[in-house]
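Chain nomenclature is as follows: A, B, C, D and E, assigned in order of appearance, with residue numbering initiated at 1 for each chain independently.
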């Protein structure tokens, strides 16, 4: 029998991979994907807790997270598109005019 | 059975995640993401979140990843990223250390604690008690339109923003010498 | 099917407390509709005026809410997910005021820069609606949604100056980091949910009071993650790094909204979650906030003094201010909450005014934000320089400005909580920060203007906005009692709530 | 109660009025009316003093003390100080010769300062000085005395640097003031101690407290020693004497009035006034006063032997004579001290004014090596000067003999060694004064041919002669006698210098006028000679022989030229035992360096620390700025590190 | 005039004047100065009236006015005057018109007069406030006008000096604010009463705080005041600020602003923290002595005349600190008196240096020589003022200095002995400077320097007059101070429950009684 802990550890691992991915990748799109990974990890955590607590709240939360994720991606991609129009192929590291 | 499903799905999820992080081609990364999302959906099923499993596929794999791919194609940003170089000194080492730290600490917290309060629990809606009578969808709907009705309505604002935002950002800005007239005719 | 339907109890909904939110969000949607229908036939000032009206409408509708709260006491509605108390009213008023003033500032600015007017105001109002949601949220998911509404709109606002590369760079930075921090916040929510079994702060507070969960790892980890997310929003060190870049890159009116509104909403959420929700385990998080406060004060002040861009200076100073406000949070007392609210109100005025001045001074393209562009402003535009000076002195905490009382209240709270050393450090940081305000004042008053400096045009909107905040700053500086009373009344204690669920 | 004594306030009021009138109208009055006004004020003051004197005489012997209080000055806490005047035999004695001699010198100044552009200012200062001196003498409490004490110091400063365009004068004035201040420090601290001990600064109350409750010997000793420091400063006793010779830079009437007759005797007056405290002090305290006096007297006498500036000779002689007075105070011979003070005031004022007359006649030249044979050209000056010479040399029956003899007698009673040394000093005095007189008034005139020689030596003795050389007039001079305003005071003072001995004749207690007169002020603290009249006669004869010996020795050296004067005028003596040099070298060398170091410390360490704090914060800001790379991934890393940090802290907190 | 209204009128009259000046049209700039002078003179007249109407024998607060201000925080509008503050108020009222009349700003006259008048309001507010927060507000707000006065109308290095002045002073008061809040809150906690910042109420419960707490709080106050005074080693803002400030700024800075610190030490140090004051008295005492000697030594070596005067302030203020922490009537009264005296004499010195600067456009001592020849009246006035600063008896500086040292001697005699050596050094640096500047033969640059004009004479006359008057007859001042000082000391003793060391009572005797006592001496004298 798989206990909740396994799910949670899996989620933690996924969250970590997402976080590390955001830190090491330069392509903004892939960075967004990493955020999605992190959100997915949270979703898994929510659902696991919900089941353990015998509570639907976790699942409802995931529902909202999904909506937020979708909206976030739209906005994020819109910004990326706008930037790419001016500076095609710009990586996250290229955008460092503001500093200091 | 559940264990087997978990192991397989976990493997898929992690592999997909690693694929996202390690793929040089953004298209490959997006496809790896799809893998993760599918694995996740199955795990949701495993956890008796049927509705969310479906939404996961439809919204995530179906809409979000497609959006990603669409943008990749639109912008032609499918150039390979050279992952052997890290321009920022120490970034990768620190990132991995931080990742390890987060993971180890999170696991330590998870393993050391019990879930839920020691006293009486406060349930939004008891899953098991009503499981026989209601579908998962029904349960979620119940809560969504009662206790979470405000949140549900708020998502409308969220979506409006994303629409307006996308429109604003995708507007082609006239060159600065045309700025005056373009401001006028909008 | 009927019995099943009967199962779903529709919770009691008090509409009155929600009216301000509905007015704000509704005004945005209506504006959007009008614009898409009538479009270019509208006069250029229409959207701005509409927004001002909407903000004033919110202010007006907040009054009955406030009266209701006075009559009934703090309570909650919609299954306990919405808290109706003076605290939220205070923040709502603050946000509405911020919207009004930002709209005034933005009026001339958007025309000058040739930017998409209506969209700006729509996003502004929606964002403010999100902020208000954060202020009233008694449910972590509602709070998260509010935060996302607030943030997503601001991401777009930051990036919307399409002719400025800095604007988009700021936008993408803010977005990536914001999403990253949101993920932490969300994870924190999940962990707290796992620890307490509830997403409702009232329930959580009850549980924490009855159970001894102080050493529950999930709860602690959840608090840590929540602090990351909210610390990011309020720009506390070490989650602050976006602030200077974004403040510098973003269109100036947006910055005034961010500094005043976003920060206020962030602190409102922080207080709701930590003071109200986790008040029972304050011993656990106080030291962390202590650390964040010191780090913010130190880093904010020290980095500010080596900057040359006024927006950057003020960005770092906003980090320092965040540290100051955290001092009030750290006290974890009712006085602390009141001091935070007062500080937020005072800071909102100074920040809006300061960025309004910068909006005016920066000139076409929003480029002239270097400290050089302020050189000799006193000779060119004495009143503007005087107004800016008042605002800067207020930021420095000089007497007879609102900023003084803000610091006074925060330090009072800290001292009352026996955090003497924190108070001392905060005051020392304030002295260091004073140096940078002086630098700006020096540039304006003691330096000669550039010989070829163009004549400054001061549009009516920003002029009115600056006049309002300066008057507010001075009036509160001389007689802070009304605002102090408001802040003192804005008790934030979930124990007083009567959950209707 | 005689109303005459109550007029005591008039004594200082006259010169004060003079000051105020001259301040308002001085320039309009112009020369010489300003001078006449000032002189008249001094005359009025003298008359007022006489009236008070007469009034006092009318009192019974023991009731010759009257305090006239004008108003409260400093009524603060326990401290209550009045502006009040004490008229008693001591103060009135002092006031008499201060106003008397002062009036004469004012008169003299009208002639002396003729043609000076600061004429009226000079008389303002002189009157102000007189006022201060009278406050010093008449004040009924230590603080008022101190007011006068400092006032005369300030006037001295102003008058020494009167011709301020010359750096040397300016320096001398500053030096006088600062050196005096060192002494004032002692006076101040003595006052604090007195206040702490007695709760009052008023003489009457202090003495009453001493009489009724007594005072610890240690405290009394401390007070006296501190007062001695003050007195040494004002009365130019070793080692604070260095200012007085330099003070000769001022106009000569100033030297006569302030730096010979009146101000410099203030120290003696103060110690005499405080005799009840001295009486309570340990035994070594009077001895200390005595030995300080003796050392100063002897040292100054040896220096005077080798000086070539006429005023410097007189200055060192003044220092020496003040030493005599200190010896007297130390041996309890207060009457002798006051007696000598009075006679000294007459003859030294006379000598200075005479010297002034000579300098006036020599167009400002002060070097005695360029004098000679002036007796014929300046008859009145030379005759009066001779009278002064005989008085100071201790030749009977001139006044100096009587007063000096009394001091010598007391010294003999105190300590034989002391007496021998003091006698030697007296002989030296006779010797160098003879030298001065002979070189100035007798022998061949040298004022023409000496010129070349002096110029040759100029390099070596630059310091001594710089002044003379710079003021040296045309090579062909025509020394002339001074106007009557200058000679009348000379004659008056000469008369006094000759006959003043009658004030206090030693033969019987009935003719011991001054002794009897002063008795009420001395509270029986006066010393008594432990031997009879026979010994006194022997001592007197020895003194006379000594004086005559000194005079003859001078004649032998400077008329007969039996001994080369250069062997006597040793450079070490000429350079005043190098004390002045040592002090200057210290002040200019290590002293100045210490001051500079302190200033550097202030600039670099104290202020440096402040600036360094600013720099440090700024530098820290610059360093931290590097963290703001502009790279979004760095920022994200920062957030992640922060998150891990928080998690770690909570782990620690949970004790996991 | 209603008694209770006079203080607010005094405080705010200059502010009203400032507002009036702000409304004057640029075309009518010639009326700026008359309005400023009239306002400050009217304020000065009111302060004189205050002095005249002041009940001399009363040690408590007079003309008090009380109103709730910020009730929730326990802050009130509470003003009043007693013997301790009276003469500082009068000094302020006196010096401002003089400073305004004496110096015309070279540019931006309107802003200049506005700031001067605002500054006056701030200073008066500090001296009259009887509520800690009210005091703090005024104390802190004074920085702004002074900052602008230095920064805008100062000399070459003005920006640095102004910023340093501002930050340094703010640093001190920043900590004081924490201390002030701790005092009010902890006292309220100890007594169980409501939080109040009322000075009198806090003083009455001064003994309630734990000793250690009170000491810490005292230190925070003392630091703020030490910076303002300034006490060694936190004095280095002063030479810069004084040197770079315009003449009127220097006058006010030296004459009034430094007194904010010393006044604070008395009013908020001794009064509120009797035990801590006594506990730390040796420390402050020592710093005062160091300041006296150190300030004098450093002043001696200055090449800049204004800087020299500035450092002389360090020495003088050292004396005042010494007097205050003698904690006896003589010392405190001396300190208070010396505050007034220092204001007059150093203010006058700065004016004179300013006059010289206007003529010679240099402050370097080495560039001046023989000025007495060129400007005898200036030199004469300078001499009087200098002698007052040196502490010559008969001039004002002496009385204060003497009382201070006498008080200090009673309290800690060896320190007083050392401090008294300061009188030597004071003579040294001032006389040396005078010698270098005024004595000697003037060179071409200095020969033609004009003497004081009638306006400048008019300005100096009252200063010199007061310098002499207070030296001769300080009683009117002292007798008004004394009841308040005695009340303060009684309060301290009451709180601490100890008696301060003091001098024995004045002996009852006099020469009359002495005569009877010593009658037997006459008999002894016979044989």
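In the analysis below, a residue touches a chain if its C-beta (ideal position, glycine included) is under 8 Å from a C-beta of that chain, and two chains touch if they have at least 3 such contacts.
Note that the coordinates shown come from a computational prediction; the quantities given were computed from them, not determined experimentally.
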item: Separation of subunit E from subunit A in steps, with touching chains one step apart; value: 2
item: Neighbouring chains shared between subunit B and subunit E, ordered by label; value: C, D
item: B-C against A-C, pair bridged by the larger set of C-beta contacts; value: B-C
item: Centroid comparison with subunit E (C-alpha atoms), farthest chain; value: B
item: Greatest separation from subunit A - chain, by CA centre; value: D
item: Centre-most chain [mean C-alpha coordinates]; value: E
item: Whole-Å gap between the CA centroids of subunit C and subunit E; value: 45
item: Whole-Å gap separating subunit C and subunit D, where each centre is the average of the chain's CA atoms; value: 78
item: Distance between the centres, which are taken as Cα means, of subunit D and subunit B, whole angstrom; value: 100
item: Between subunit B and subunit A, distance of the C-alpha-averaged centres to the nearest whole Å; value: 5
item: Subunit C: positions in contact with at least two other chains; value: 141, 145, 148, 152, 155-156, 159, 162, 172-173, 176, 180, 191, 194, 197-199, 216-217, 220-221, 244-245, 435
item: Overlap residues in subunit D, where contacts from two or more other chains coincide; value: 625, 628-634, 636-637, 640-641, 643, 647, 650-651, 654, 656
item: Multi-partner residues of subunit B (at least 2 other chains); value: 88, 91, 94-95, 98-99, 102, 105-106, 108-110, 112, 115-116, 121, 123-124, 142, 148, 151, 155, 158, 161-162, 165, 168-169
item: Which pairs of chains touch, using the document's own definition; value: A-B, A-C, A-D, B-C, B-D, C-D, C-E, D-E
item: Contact set on subunit C toward subunit B in their complex; value: 4, 7-11, 13, 18, 25, 28-29, 32, 39-40, 78-79, 81-82, 111, 113-116, 119, 122-123, 126-127, 129-130, 133, 139, 141-142, 145-146, 148-149, 152-153, 155-156, 159-160, 162-163, 191, 194-200, 203, 206-207, 210-213, 216-221, 501
item: Subunit B to subunit A touching residues, read off their complex; value: 2-3, 6, 10, 13-14, 17-18, 20-21, 23, 26, 29-30, 33, 36-37, 40, 43-44, 47-49, 51-52, 55-56, 59-60, 63-64, 67-68, 71-72, 74-77, 79, 81, 83, 86-88, 91-92, 94-96, 98-100, 102-103, 106-107, 110-111, 115-116, 121, 123-129, 136, 139-140, 142-144, 148, 151, 155, 158-159, 161-163, 165-166, 168-170, 172
item: Residues on subunit E engaged by subunit C in the complex (per definition of touch); value: 69-73, 133, 136-138, 140-141, 143-144, 147-148, 151-152, 158-159, 162-163, 166-167, 170-171, 174-175, 177-178, 181-182, 185, 216
item: Residues of subunit B that touch subunit C when the two form their complex; value: 105-106, 108-110, 112-119, 121-124, 130, 133-134, 138, 142, 145-151, 154-155, 157-158, 160-162, 164-165, 167-169, 171, 173-174, 176, 179-180, 182-186
item: Partner subunit B, residues of subunit D touching it in the complex; value: 629, 631, 633-634, 637, 640-641, 643-644, 647-648, 650-651, 654, 656
